[in-house]
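Can you keep this structure in mind? I'll have questions shortly.
Going in written order, the chains are labelled A, B and C, and every chain counts its residues from 1.
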Amino acid sequence: MKPGTLVRLALAGTRSDTVRVALTGLSAGLATLAYLAALTVIVIPTVEDGGGRVSPQYRHALIAEAGLRPGVVVVLVLLTVPVLALAGQCALLGAPSRDRRLSAIRLAGASPGQAIAIAATETGLASVLGTVVGLGAYFGGREFLHRPDADGRLPLPTDVVPPVWWIAAVCVGIPVVAMLFAVLQLRRVAVTPFGVVRRVRTRAPLPWPGALIVVGLIATATVVPLSRQLEGDPEESGALLLVVLLCGLGCATIGVVTGTGWISYRTGWLMHRFGRRPATLLAARRLMADPWSGSRTLAALLACLVFGGGAAGVRSSFATDFEAERLAAQRSDPSGVIIEPRDTDFYFGAFNLVNIAIGVGLVIAAGGLIVALAESIVSRRRAYAALVATGVPRSTLAKAVMWQSLVPAAAGIVVALAVGAALSQSLFGDEVEREGIVLEVPVPVDDLALLGAGAVAAVLAVVGVGLLFLRASTALEELRV
Amino acid sequence: MSYLSARGLVRSYGRTPALRGVNLDVEEGEIVAVTGPSGCGKSTLLHCLAGILRPDAGEVTYRGRRIDTLSEGARAALRRTEFGVLFQFGQLVAELTAAENVALPLLLAGTGRREARTAALSWLDRLGVADFADQRPGEMSGGQQQRCAVARALVTEPRVLFCDEPTGALDSLAGEQVLGHLVRLAREQRTTVVLVTHDVQVAAYGDREIMLRDGAADPTGLGTVAAQQ
Amino acid sequence: MSTPHVLLGLLVDGPKHGYDLKRAHDLKLPRAKPVAFGQVYATLGRLVRDGLVVPAGQDRDAGPDRTSYELTEEGRKALKEWIAAVEAPMPHLSSVLLAKVVVALLVGDVNQAREYLAAQRAAHTTRLRELTGVKTDPDASLSDVIAADFGIAHLDADLRWLQTTLDRVADLHREVTTR
């Protein structure tokens, strides 16, 4: 197959394919931007300044203080998680029609490898374009935001550039990963030229993700005792502890996400067992037929909430620590004059930044959710239209869609927040001690409730948009297709 | 006044006319085949008669009552209670078992779950697919799925059954089984059937044939309605 | 013609006399044209002459008409060969239907050709409906059903041809009238 033919076939598609390509490009661009920003923060040079290591040319402490920069890097990298999840959802947009087209190309005599090459080319081209745009935005942004203030200090690290080969690695890596992802998703089409896969029973998920959550909690709980054991070499032990912490966090998050499959199946079973109305029957059977769809579509949202719950816990733990410190100071100096007030504003400012990042992540995740829900409705439009034609009221179908989206989401949200808060507890303990003053760290109920409410509101908004698609998909003209 | 009748039905999709003035009368208990080449407006006519689509002009009366002027909600209720609809394929809900699919219309009408299941099982039995009651559509052959769809269409004991190429996706033997069951049960229940098909063998299951050509009835079968107008 | 071989086939499960043969023929091929007694006896005569069947005895209480016949070894062989032999697929395209349309067009009367085609189509459709009724009758035997199927398939082929020809003639008619 000549490259020209490959590109021509890769670009043959309908409107939903165009949307998919655009969104794939967009998410590749956003990911590029986030990774380049993270790399830039990593390469900031530091000077020794008394006890601390700083980069005095920056205005904001988060960037100026070397000790805080790893946190910034982690947040930037974590921000790419919902972005990549969105890209994953977008890859499903219009997928049935693309699969049919690829099947047709296979039937016309293309080898499985060629069919995959065509699809991967589409994704690859889109992500290359997106990466190029992201790169342009990065360098453009550097020029635009390079605004030293009166003291010559910079708002952002626009004075350093990561090594060229790092940038090149990002620009090559993102499209390659995207293409690999596309290939992975297409293995089914590759096997058979008839893109149709019969719906058969999936086995009921088992509750093993719960074990994963426990492992994650145990791993984080070992971090502090481990750090006491390893006090010898801070550099080495720091890296080890970071690995343990990330493993714990990763295990718990994967546990929550995959656990949603089990929750979906179980709630589906309960609804089927005790539900009375047709809407609950439809929703229950749908949850049981594809319990993993909740895991797939809610992954980014739940990951955000685990981090959010964790951040709320850490914030509560810090606040309690400051309070203990204040009480201790007060006791040692009963006059009430605090000798050296700590700059707590700085910490809370940092937490607010993290919260903003989580909020952005939630919005992006909700975007992915809309794409997934719309796709699932549009791909089933024939069955929906046929049901409406036989007199099933649209409200019944709407209720079914609502049940099947809300139930696993609500359960997943609760579990994710609880696991997040538990992670921070197992990391920092449930009480703080400062010079004999012991305070219990309260569970940050308000913050968690706010996050949960925000997430539920996001899911509700998504369902609302999904119902608009339902209305369009049950237009009885669909019967003519 | 006939049981079900259409007068001067006109319906277009965009600027393409599908029906241009169709008149038709169906008597109670009759099995009427509507035939004609593809694109002659058969399906559109069926959808107008069943209250799925609204005609642009003309009227549809069912037991002396205009139904084309009813609201969507009222027509949906009519389709749910008095009419049954059977399509070529893809009408079963993939996630529900055969019995649940058949029970669905009853559940919508407020029947209890156990009662609905019993009725569904008895209908599946009458269509010879009782063994598949707890299978999903994906686990059944096309003919078995379609017999299941017949059971679902008949479970509410509708007065009129509308079928749009009900065997279009089946081989002749599987199609014959579906039609054989359908016609036998319809006669037992005295259900009126409107059967749209392009296949003369399928049309022969009807008592009477109405030929459609270029969006109008072609009673002589000469096939030049449009040319003569 | 297939009648001699059908009679040979009916004799496979034991000797029969002429009357039994006629009855068995009409029973096993219910939708076929009934065979006449005369034809049965004439055919049997020819089969005896060719050595495919032999008279196997007579009923005591009856006249020469009650002679029963049985298959010879030769007869069995001939029957086997006939069953195995492939029939020529429509060697001659001849039918009264076809002839009528061709002649009507030859005469130049397009309208009459169309009217004939439409009327013939209606008649075919009616017959098709009758045979479908036979097939869907719950009491129908297997030989009824396969005989009905045979008729249905042929009527279907005829109907398809009739419809296509109607369309072609209508096109021709349109051309003629608009010119």
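Note that in this section a residue touches a chain if its C-beta (ideal position, glycine included) is under 8 Å from a C-beta of that chain, and two chains touch if they have at least 3 such contacts.
This structure is a prediction, so every number in the text was calculated from the model and none was measured.
> Which chain has its C-alpha centroid farthest away from the centroid of chain B?
A
> So, comparing each chain's Cα centre against the centre of all protein Cα atoms, which one is closest?
Looking at where each chain's C-alpha mean falls, the closest to the middle is B.
> Just give me the whole-number Å value for how far the CA centre of chain A lies from that of chain C.
Each chain's C-alpha centroid was found; their separation is 75 Å.
> Rounded to the nearest whole Å, what is the centre-to-centre distance of chain B and chain C, using the mean of the C-alpha atoms as each centre?
Those two chain centres are 37 Å apart.
> Taking the mean of the CA coordinates per chain, how far is chain A from chain B in Å?
47
> Of all the residues in chain A, which ones touch at least 2 other chains?
none
> Along chain B, where are the residues that touch chain A in the complex?
Residues 13, 43, 47, 50, 52-53, 73, 76-81, 83-85, 87, 90-97, 100, 104-105, 107-108, 113, 136-139, 152-153.
> Under the stated contact criterion, what part of chain C meets chain B in this complex?
So the residues of chain C touching chain B come out as 114-115, 118, 121-122, 125, 128-129, 131-132, 135-136, 138, 152, 155-156, 159-160, 163, 166-167, 170, 173-174.
> Which positions of chain A touch chain B when the two form their complex?
198-201, 276-278, 281-282, 285-286, 288-290, 380, 382-383, 386-393, 396, 476-477, 479-480
> What residues on chain B touch chain C, complex-wise?
Residues in contact with chain C: 176, 180, 183-184, 200-201, 203-207, 209, 220-224, 227.
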